[in-house]
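Look for chain A in each of the two complexes below; its partner is chain B in the first and chain C in the second.
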Partner chain A sequence: MSSYDVVVVGSGPGGSVTARECARAGLRVLVVEEGERVEPGAVPAYSLEQMRRQYRNQGLTVALGRPPIAYTEAACAGGGSEVNSGLYHRPSAELLDAWSREHAVEALTLPDVEPWLGTVEDRLQVQGRAGELPPASAALARGAERLGWAGLDVPRWAVPGPGHPEKQTMTRTYLADALEAGAELACGSRVDRLDVHDGRVRGVVVAGRTVTSERVVVAAGAVQSPALLQRSGVPVSGRGLAVHPTVKVVAEFAEDVNDPADLATYQVKEFAPALTLGGSASRPSLIALALSERGWSVAGEPREAWRRQQVYYAAIRSRGRGRVRSVPGFRDPVVTYRLTREDLALLRSGLARLMHLLLAAGATRLLPSYAGAMTVTTNADVAPAAAAMTRSRAALMSVHLTGTLPLGERRGGVVDSWGRVRDVTNLWVNDASLLPDAPGINPQGTLMAIAHRNVDRLLRGDG
Partner chain B sequence: MPDLGEPAALTVLTGAGGWFGRAWLRAHAAPQHRHGPVPTGRVRALAGSPGEVTGILEACPGAEVHVGDVVDPEVLQTLFAGAEGAVVVHAAGVIHPRRVDEFARVNVGGTRAVLEQARSAGVRRLVHVSSNSAFGVNPTPTDRFRHEEPFRPYLGYGASKAAAEAEVRAAHDPGTLETVVVRPPWFYGPWQPVRQTTFFTMVAAGRFPVMGSGAQQRSMVHVDNLVQGAALAARVSDVGGDAFWVADARPYPMAEIVRTVAEVLADEGYLVARSRLPGAVPGGRRVPALVARGAERLDRLLQSRGRYQQELHVLGEMDKTIACDIAYTRERLGYEPEVELREGMREAVRWCRQRGIALAPRADGAR
Partner chain C sequence: MRSGATFAERVALACLARDVPESSLESRRRAAEEVVQSLTALPDSTRAGVGVAGVLARGVVGRSSGDRLVSRLDAAPLPGVGEYLKLVRSLALVAWFEDAGS
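Then we have the complex of A and B:
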């Protein structure tokens, strides 16, 4: 491999925005991606096969703690954008103001970010759904309407497809643009470490060989980016990991609700940003997994019961924080997360409110996702079922990992307001690590706009 | 403004000797704008014990007073004699009993008995006084209980109020008996019981603890605001089977509640130990939230063994946010609370002073 102007580590949303903008500016760009390239649609969305091929460790990654929190990280060309739901929210002015204040971030108000949000929305063709809600979403909307709770069908980055809308991904958009503008993509290539000397990065080390570059932008996600910096001798605590801890419920209805090829895009935002209720991926295999130890008896048509079943979630903004620590000799870092008392109380409240809503929507029975949970069939069951989710029984999961390298001018911060690593002049971070907190919304749109903002600064030549 | 039905000729009130009961009766005798459409016809009042009768008649000299246990069918049969077309306001209940099993006996058993007798007497509508305790505590200081909210009862009292509310709502039958629930949070205002006087005394002495940051919020309801809510629940058409939060216009941060009481006491001529008041002055001493958590644990332990200790129970709730959203109540009942914290607390303090109830030493040295 030759020498580059920019090496981008990771091809997810942050990396793809960076690569496209750099390539379009005429720079020689290499994107190094640990995972494989899988064409969109080549494996069924939300399937076990997708977990095997497009997730790190086949989707089995856990933040240790009490309770542990299972999380998923994509490991493929396009990163999280290939496997997520593609739900799009604009960040609120309050959120950006709070981040700006708490982390002393320059130029991160909504007016600063708005033009970049527009760029992202145009390219990803963010749009609302036309026509009727699919049944899993309709159930949520019905429950919310009966309870007088606010909700919305969340816009997605999707284009009309045959039958279902076709979700936009990085390989279809920004990464494709980058390659078209001349960027190179090296898949199946793990960066062992960065070659950092005397406050400068000389390149990245892949399979023992250094690929030299004028600049390096790390965009490997909130777990892998701090771990890579740690492996490279950059002093990074790895603290500050923020997630949206999530508890799930399997709901069974009298009628069919589960369309495995579509997903529930409706979210109940009555209690936002603290608490969001929504629908999860509900492939038959995932439902079978959730119900495997429960022995729900299914009368009549047991093989088709999944059609009447759907997984829903309650996700919270957490006060807890986690930590990422790379351990010499081990490929993956150790990730820990400390859920606070308040978090657990909020999760119980969220679980109760979710079950209340699902019963109002007409669910006939519910199974919360924690060890030894009871089946809920009436409103009177809701309180005991929520109260029984203790620390030792809780089984939480999360996506939306952020917060390990928060941008800003606070003392002790690893990166500045634009993602530039303070101690290494030609090294940047440009991914979800930069978001100071899990924002209470699907964060991809926010992080892509911030990535645009940062790379624009980088290209304006103060690197 | 929602449609009001015809006023009932007779109102039957249980729990008449209590805080709300006497406030309701006073409004009956001397209605003000703040009370809303409180009925002015005949009123029949059930006292739990003979000792309550004087207080009931003080509030409403014209009331027909019955005395007896609210779970006793014979007492209720007499109470409901000729009550066809009447409105029942069911406010009887125990909050701080000696034994935990009183919760189920009075709050659930009493409600069931009242529903049954009201139905057979041909009562038109029953208004049931429920509680925030059926819904537990809010998970964050900014969270509010919505109109539709799952029951998540807080300990024995909460469980009994949840069970009672569920029975009342299930008993709604448009043909025969309409039922409406009002859910008040922490009361304040005239006709206050000894426990509220203790609260004032502790604040005056600088001994009332503000747990943690004091940012935890509490919905409170002035008893006259609650009278308005209950009066509307008794009169507004087409709200049968529904339940309504009835509280002041906004929840108050705990530190503001304590500070306001201290300031009102000082204004009204009482000596207030300001310097010792935790949380009431900037930088003042506060009690770690851990104390409330310890109290809550001990309370749970005692209640699991059938015992109840009021101070422990109250202390255990002190670091919690318990706050509700009254938007639906405003919309459906046309409820507009008129009394606010400072003015309402002043009324309560003056009410105590008029009755010679000692709260703190007087600043002028008088008794």
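Then we have the complex of A and C:
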């Protein structure tokens, strides 16, 4: 490592888009990645081994609050694309208009972003499923049909593979393209801080040594990006963290539904964007985890019952917000989240709707994943089971983290409409931090299109 | 960290003996070792909090073991002790099912 035109911090979707476009423009690019490189398929999906090798803190991260919200961040080459579900949504015109209006963002309407969405969809080979839904998805579709609720089998950035779809992760696509175009990738390298002086960044400090660069693009995710800016003396409050708080239910059916290597891709969108119902990873260990969260004994469960069980979720758009704070002497930032009263009410409502859906789908037993939850077998059980999920009993999680460095021209904002940091002329942010809010959909497609838009501006020298 | 690690292993072994009584002692030991490894991977602030909760929990259980140890932690009115039990139990179950139960 020596001197570069562009150093990109983080190799997830935002960082990989940035690196590819800069490398293809002929710039000398270094991508600095804290995690290791794990080839796709080298570790079982959703396994403990994957948590160990591809997640930050082995996936044991939590936003403190009442209730606390468990969240996960990838820490590996390719970032979240290597470990997530690979589901793809286009953002709606309404969503982008609302962000444009509320955050005074330039050129963020759907027509502005659409060309970049097309570029992403082409490269990632976004496509719908051919053939029948697998059992875990079919159950959701069946329940939705019986209740007259809208839903869809969500397209994926994946191609048919032997057995399971082959996700077109960053290491297979954009990051591979970047490396082919001459970018360098330094894995296992943590950026301690940015070297910022007199309103300019001179490079990044890794293991006490400065790697100099004409420009630095931070793409370390909605928690690590603001934390890195804070460690570097850039005035960043870290407020605005937005997530999709999620509650889970283990559903048991009379027949086998569980595919431990994949998850349900069908989502019920009847109540979207406020509420989405869908399926989660359901390895036996994850079912045991969901059951333990309700304080329920797994001792009496037949050992093979997991084949008939599947974890489903209700995820909401939240009015609450969180904060990321870098604390001197601590390596990891402190993350907090304040769930509002309205959020809790929406989660209860979502939990109830999810249970009605699963019963309509033919589930014989439902085990909501919160402390002390009752077992639900009939529709009459649903209301009391949902009402009993109080703040102190709730066991919530989230995987979509956004909002800590929202783009826009609002006064006091850290970055402008294109991700450039206002107080540091040659420093950009280009990841999910920029999304002003958790969008109510899987956000990777949206953030990649915005990343394309931003790096195009950077390369044209207008940023 | 060693005495804390030993205590976490004790709690994990007691939880697993209750949750998966048919499991072998060897498989429970392997899972308990995984729990200790997971606890060391926690973010700084969480690890500090869990460390304090572990000290409180150790005071609660004294020399008890097995079911009695789990019951005492479960019933303890001290803040953080219930969460400590929940965390160790969750980690132990995940590790055991990944190793032996799948």
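Here is the rule we go by: the second predicted complex is superposed on the first by the 452 of 463 C-alpha atoms of A that agree within 3 Å, B and C clash if a C-alpha of one lies under 4 Å from a C-alpha of the other, contacts with A are read in each partner's own complex, and residues count from 1 in each chain.
Methods note: contacts are C-beta pairs under 8 Å (C-beta built on N, C-alpha and C of every residue); 3 or more make two chains touch, one makes a residue touch a chain.
All of these numbers come straight from a predicted model, not from anything done at the bench.
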Chain B and chain C placed together on chain A: clash or fit? fit
*chain B versus chain C as contact partner of A:271, first or second or both or neither*: first
>> Going by the contact rule set out at the top, does A:355 touch chain B (first), chain C (second), both, or neither?
In response: first
Exercise. Now for A:62: first (chain B), second (chain C), both, or neither, which partner does it touch?
Worked result: second
| message | Quick check for you: in the superposed arrangement, does A:48 touch first (chain B), second (chain C), both or neither? | response | second
(request) Considering only touches as defined above, state whether A:330 meets chain B (first), chain C (second), both or neither. (result) second
Practice item. Please indicate which partner A:285 is in contact with in the superposed arrangement: first for chain B, second for chain C, both, or neither. Key: second
Closest CA approach of chain B to chain C after superposing, in angstrom, is 27
Footprint intersection on chain A (chain B / chain C) at none
In the complex, the residues of chain C that touch chain A are 18-21, 34, 38, 41-46, 86, 89-90, 93-98, 101-102
Counting only contacts in the complex, chain A reaches chain B at residues 146-149, 270-271, 274-275, 342, 345-346, 348-350, 352-353, 355-356, 360, 379-380, 382-383, 386-387
In the complex, the residues of chain A that touch chain C are 47-49, 52, 57-58, 60-62, 64, 260, 283-286, 288-289, 292-293, 295, 297-299, 303, 327, 330-332, 334, 371
Per the touch rule, the chain B residues reaching chain A in their complex are 136-140, 142-143, 146-153, 162, 166, 328
